[in-house]
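Once you scroll down, you'll see the structures, which are given as structure tokens.
Consider the two complexes below, in which chain A is the common component and chain B and chain C are the respective partners.
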Partner chain A sequence: MKNSNVGYKSTIDKQTLLLLGIFTILMVFFGFVEDSFLTNRSISSMAIQLPEMGILSLAMMITVMIGGINLSVNATANLSAVLAGLFVLQVVPQLATDGNGGALIVTIILVALLVGVLTGVFNGFLVAYLNVPPILATLASMTVFTGIGVGLTKGQTVTGFPDALGMISSQSVFGIPLPFFVFVGVSIVTHVLLKYTTFGFKTRMLGTNPTAAKFSGINNKSITMKVYVMSSMLASIAGVLIMSRTMSASNAYGTATYVTLTILIGVLAGVISGKGSVINVFITVLILQVISTGFHMLLAGVKGSAFFKDFVWGILLIAIFIINYFSRSRNKE
Partner chain B sequence: MTSKILQVKNISKSFAGVKALDQISLTINEGEIVCLVGENGSGKSTLVKIISGVYSPDNGEIIINDHSYKKLTPIDSMREGVQVIYQDFSLFPNLSVAENLVINEHLSSGKKFVNWKEFDHIAAKGLAEINVSIPLDMMAGDLSTADRQLIAITKATLAKARVIIMDEPTTALTQKEIHSLFNIIMDLKKKGISTIFVSHKLNEVTEIADRTVIFRNGKKVMDQDAKTLDIKTMEWYMTGRELDKSGIQFSHVNQQTEPLLEVENLTLQGKFTNVTFSLNPGEVLGITGLLGSGRTELALSLFGETPANSGEIRIEGKTVSIKSIQDAMNNRIGYVPEDRVIEGLFLDQSISDNVVVRVINKLVNHLHLINPQSISQVSNEWITRLEVKTPNGNLPAKSLSGGNQQRLVLAKWLASDPKLLILNSPTVGVDVGSKASIHELIRNLANQGMGILIISDDVPELMQTCNRLILMRRGKITNEFKRETITEELLNKEMVANRSGMVQ
Partner chain C sequence: MLKKTIKSNEFITFSIIVLLSLIIGIINPAFFSLATVFDVLRASIVPSIMAFGLLLVIIAGGVDISFVAFAALGAYGTHMLLLHYGYQGGILLYYIIACAIGLLAGSLSGFIITRFDVPMFDVSLATFTLWYGFIRFFIGSAKNFQIPEGAVGYYAKFITTVKDPFVGEAGLHISVIYVLVIGVLIHILLKYTTLGRGIYAIGGNKDVAIRSGFNVRRIILIIYMILGVLSAFAGVTQSFLSRHFEPTLFMTQNLDVIAAVILGGASINGGRGSVLGTFLGVVLMQLINRAMVLTGITVEWQELVIGLVLTIFISLPAMRDRINKKTRHPVEIPDEI
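Then we have the complex of A and B:
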């Protein structure tokens, strides 16, 4: 039968299976060798740490999907936290008193998201309208955003928030910390946006071939702008989570390490121009966190154990490259 | 006098159980021009890749310069004097002409330092040998397609080529450039260099070939002196069926209706001036002329990509302003670009996604979420209607052959239900069989009332599709013909007349 077409992308991504396999192997491995690995305490500590990195990785991913990059994700997160923090401490200090917990958190989130929109428009303008290569545009904006934050805080960490701020990080539902649910929620929204909206469809097309996208009537500038705004807003959400976990806001959190990690996660998850899966990014973030926590426990007390984690991340990256190479060449036969 | 340079004997090659080449034997003599003809997938490219050492044959033998090989490496092949000029010419766009010409020799000589004087000297000598002059310091990326091809040919002769294989060399060339290419091939012949000319364009084959070899489904079905072959016979051997052109039903244009498109004094500074014409519904209008005549620029202006500076465009009598591609689309104008790979398709995305990209905004449910079922439905409908040959719409567009990719670009536009369709060189790089069916499709669309503009310099194509023809030269319309009053020969002559005018 000619032209028998099955449904829309019904096959499971091979990369997803590979990542799930790696995740399972790691869980089993650490579960056996380290008794305390599968305890509630260890799992909930992982669940607090990974959402920040996970959301920043989604922020990176969507820009990579249109052939761009956003080096300013971490700077955006920090600037959002700093500005939101300064706003509640200095502009509306009455909120920073106990008993206004709900209003405080809502205000912080709104200010952070506003900062996300503005920084996103800034990046999007540079990339879409001034045609600055994304790597240069966001390198510049990274410096600008950090500079603004340092200028406003004089390089100091912003502290003195009421305990209510810590609620986001300290609350648990069914024993799982709230930030993890925030990560799951953000991931679902991003997944739906990319896969089931015309915005996501056009994002994939633009990433695959910008010239054909233009000739197909896609407004490349507008899509690029939206992608950078969305990227910055995701970064701002990560900023709020960091703020809540550390009870402070500073320009010095994460910095270059976080940015390179988000790129690493994107590569491991197989994100390229025109293609990217939120599910793969999600699993990859879990894998990196498991490796990090697992080796930390295993090598507790051993000198240089922190470096071992980086080493294993690197090995994993190379292993995935090798597996992908062989599965690709087999497909070609 | 004729000595054999290259012989292949009983070569077979299978890919995943499919025979791409079946017991092929072929001899190339010194200074001979052999045209290799066949539809897409007939095995031409596979043979070229075996001769150049990219693929190794399953069995058979290759003899070059009396050296016998069971299989060749690309290095062996080049050392024996086989040079392939691929469609992309394999040049370094960011290097100068001289650097491009000398780089291979420089690398293989193992020299560690660069002698720029020597570079220029060798490059200039190489260009002089085939009688072309191109500034040595220009970046290869800034050259026209024709000049880049000349650089690639010079590179081959500098590498002491004895056999040059040209893969579809005329695809992106204008008539004038094709002629100068043919002169160069004749010069190479005089120097004893053989050419294997791979082409779809049969009129060119009859012009240049000493001998014509035709492939069909991996078998050699014809190998004879080109003088005794006419186009009709070649088509028969290529397709295994007769392509009937005599019974073409041209669309009937109702002259009484209001014109679909009226263009008045349209001008784009430096590209075209005071272009005026009109197009009725159901009419196919051809716009032809040499490269640089402004034909492509005119099409792009009508599509809003490079808006015109002045003049008026009316659609169904209403003046419209087309300042962007979105404007053009709102007026239901579609544009099938010249370069389907770069401008037309999303090769890594699925065939279905390529079909629906224009109409995706309509395929959403009440929550504004994409409905995957609507996507499958719309894409399957168009895949079937345009006979895009694929087992599955979820496969990436790059899995399709050239002719089917072109149908896919058409499907993408037809799905958006345009009133006016602009086709820029709709059958470039498409095999004869697909070409005929695309032409039929164009006439059918016109019969259903669509207005169609075809930008092309393929004279037989224009003759088989258009009701009316406009000839452009240096940005102006110089002539208009009705199909009934012009023949292929006459139109060719008109274009030649223009060409001699260009020289002054």
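Then we have the complex of A and C:
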């Protein structure tokens, strides 16, 4: 997360080019060696899976941009899903039985977003007002959020939702599933917020140099709080998508890998304190999904094939470190 | 001297342990027994060994999440290799091979960090996913319960045993000695060697450390070698204690170990931390776990209680610093060097 500011402008463009290059090579490679890779079916299955990871990565990214981290993104997503699920099943069961799909989905989204705001305030309070290092604050809050969910559900998966819930992930427009459009929409909003608003400017300023930000009249605490609230709300949206895809809510979804993956995506995309590009994150998420689906198809039937992608991700990340190192040292010359 | 001791982080952690023990003991008198002590110690063995390695990384100002993967690679890799050759001997060969694997994996991470100037945390992300992927694709993805004949009884090798009215016979496992030996060695390394001073210096201020003539790259490489060896050692120990080898060993436990090191008074920003504190941090974590069972907090709410305890604990030093800042000195002065 520490990096030299020199030559930033040119390296970020290079990073986008590098990522696009990797993406193209992978698409061509898998397109050639695996006939079924570039079919509608495989593309739409990728488009259902990647939005969750993508939105969680954006949630992680904005906290990294102010020199923080949010280890609780996945716990927030799961807690939002669990609380929204319990709310519609137990508090307003008539919604679930009415067959009124629209009202049901709107209620779920609203409750999830409310949970997002509250969890975000919790994180933001610890980080901004109690000065707890973000990695510790969100490690603790991750346990708290998971703990609330586990306590309320007794560790069980919440199920029994009406079919209407599945609409979000089963609908598709022009053959592309709705969640992908949600991901694109969220990415555009985040991009605009970070790039073209004063909030975005202050965020980048805070990440680049908190002391300078403070002395130029920016309320660091308030910006930090807003960033953590936004991060949690993004996580809640991902939670609703997971809920709709699995037709259930549980605290166990993605606990072992999601958080690590979101940080990994951020690092691959070159997100550091003060700088981060939504476009790079977007491409990186596509790359990871292509690797995942591609090797899954290629190695179908091989024992443990699902884990080969983890290995490749690690190698890819190290390769990017090395490439970045050499492009950095060339810039210095 | 006394004042300094009382203000130290180790003493605070120790006081919390005593206080917590008293509370549990009052609620449930069965807690005050040698059996409990042995049980808490047994549960602390493996996390302590990993935490000692991680402590070096944290003092040097880094964070690592990949050490658990070193442990899994060392333990599971060694086991599947020896199983392949039909090894039926004792546990020593396991330790030797696993530590060699851990040394290699740690060196590789250390090399990438120092050669290509990448933050420790970022490299650990890559190696975390890389090694768990490697293990499960190239070595195996299923648990294995075949313990070599020479090591079958190892899980119940006790230094001493006591009769306990509540749990029957309880023993102090022999591997407590490892914790003692490794702890003393790391303590000596940190406090009485140039290398140790270098580690604190890097965590305090890297640029100053470089200018003071410390070879930062070499020090970080050595830290990662030690981390690799200790993690693999812990992995083998855990596998024999639980009598099975698994490819995803410790996969979700890295954050717990980080939390324990922090509970033990190490600073996440580097430059501060001790072996004794770290051990106490691990014991405190185990104690919190047991406290809930013994005081009757139901299973489903335990995670929330751990989370809240953790939240309060990490907020304390931050709040203390705020008060200190307001009342004493406008400039931050580190408590100790």
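Operating definition for what follows: the second predicted complex is superposed on the first by the 319 of 333 C-alpha atoms of A that agree within 3 Å, B and C clash if a C-alpha of one lies under 4 Å from a C-alpha of the other, contacts with A are read in each partner's own complex, and residues count from 1 in each chain.
To be clear about the criterion, contacts are C-beta pairs under 8 Å (C-beta built on N, C-alpha and C of every residue); 3 or more make two chains touch, one makes a residue touch a chain.
Small disclaimer: the values here were computed from a predicted structure and weren't measured.
Of the two partner chains, chain B is the only one touched by A:Y196; chain C is not. Of the two partner chains, chain B is the only one that A:M205 touches; chain C does not reach it.
Of the two partner chains placed by the overlay, only chain C lies in contact with A:L264; chain B stays clear of it. Greater residue coverage of chain A by touch, when chain B is weighed against chain C, goes to C. Residue contacts after overlaying the shared chain place A:A137 against chain C, while chain B stays out of touching range.
Touch criterion met: A:D310 reaches chain C, while chain B stays clear of it. Once the two complexes are laid over each other on the shared chain, residue contacts for A:G147 go to chain C alone; chain B is not touched.
Chain A residues 2 lie at the interface with chain B in one structure and with chain C in the other.
By the touch criterion stated above, chain B contacts chain A in their complex at residues 16, 305, 325-326, 329, 335, 337, 342-350, 352-353, 357-358, 360-361, 364, 368-370, 372-373, 375-376, 379-380, 383-384, 388-394, 412. Chain C contributes residues 63, 65, 112, 116-119, 121-123, 125-134, 136-138, 140-141, 248, 251-252, 255, 258-259, 262, 268-269, 299-308, 310-311, 314-315, 318-319, 321-322 to its touches with chain A in the complex.
On the chain A side of its complex with chain B, the touching residues are 2-11, 192, 195-198, 200-202, 204-205, 208-209, 211-219, 274-275, 333. On chain A, the positions that touch chain C within their shared complex are 1-2, 71, 126, 130-133, 135-137, 139-148, 150-151, 153-155, 255-256, 260-261, 263-264, 267, 303-305, 307-315, 317-318, 321-322, 325, 328.
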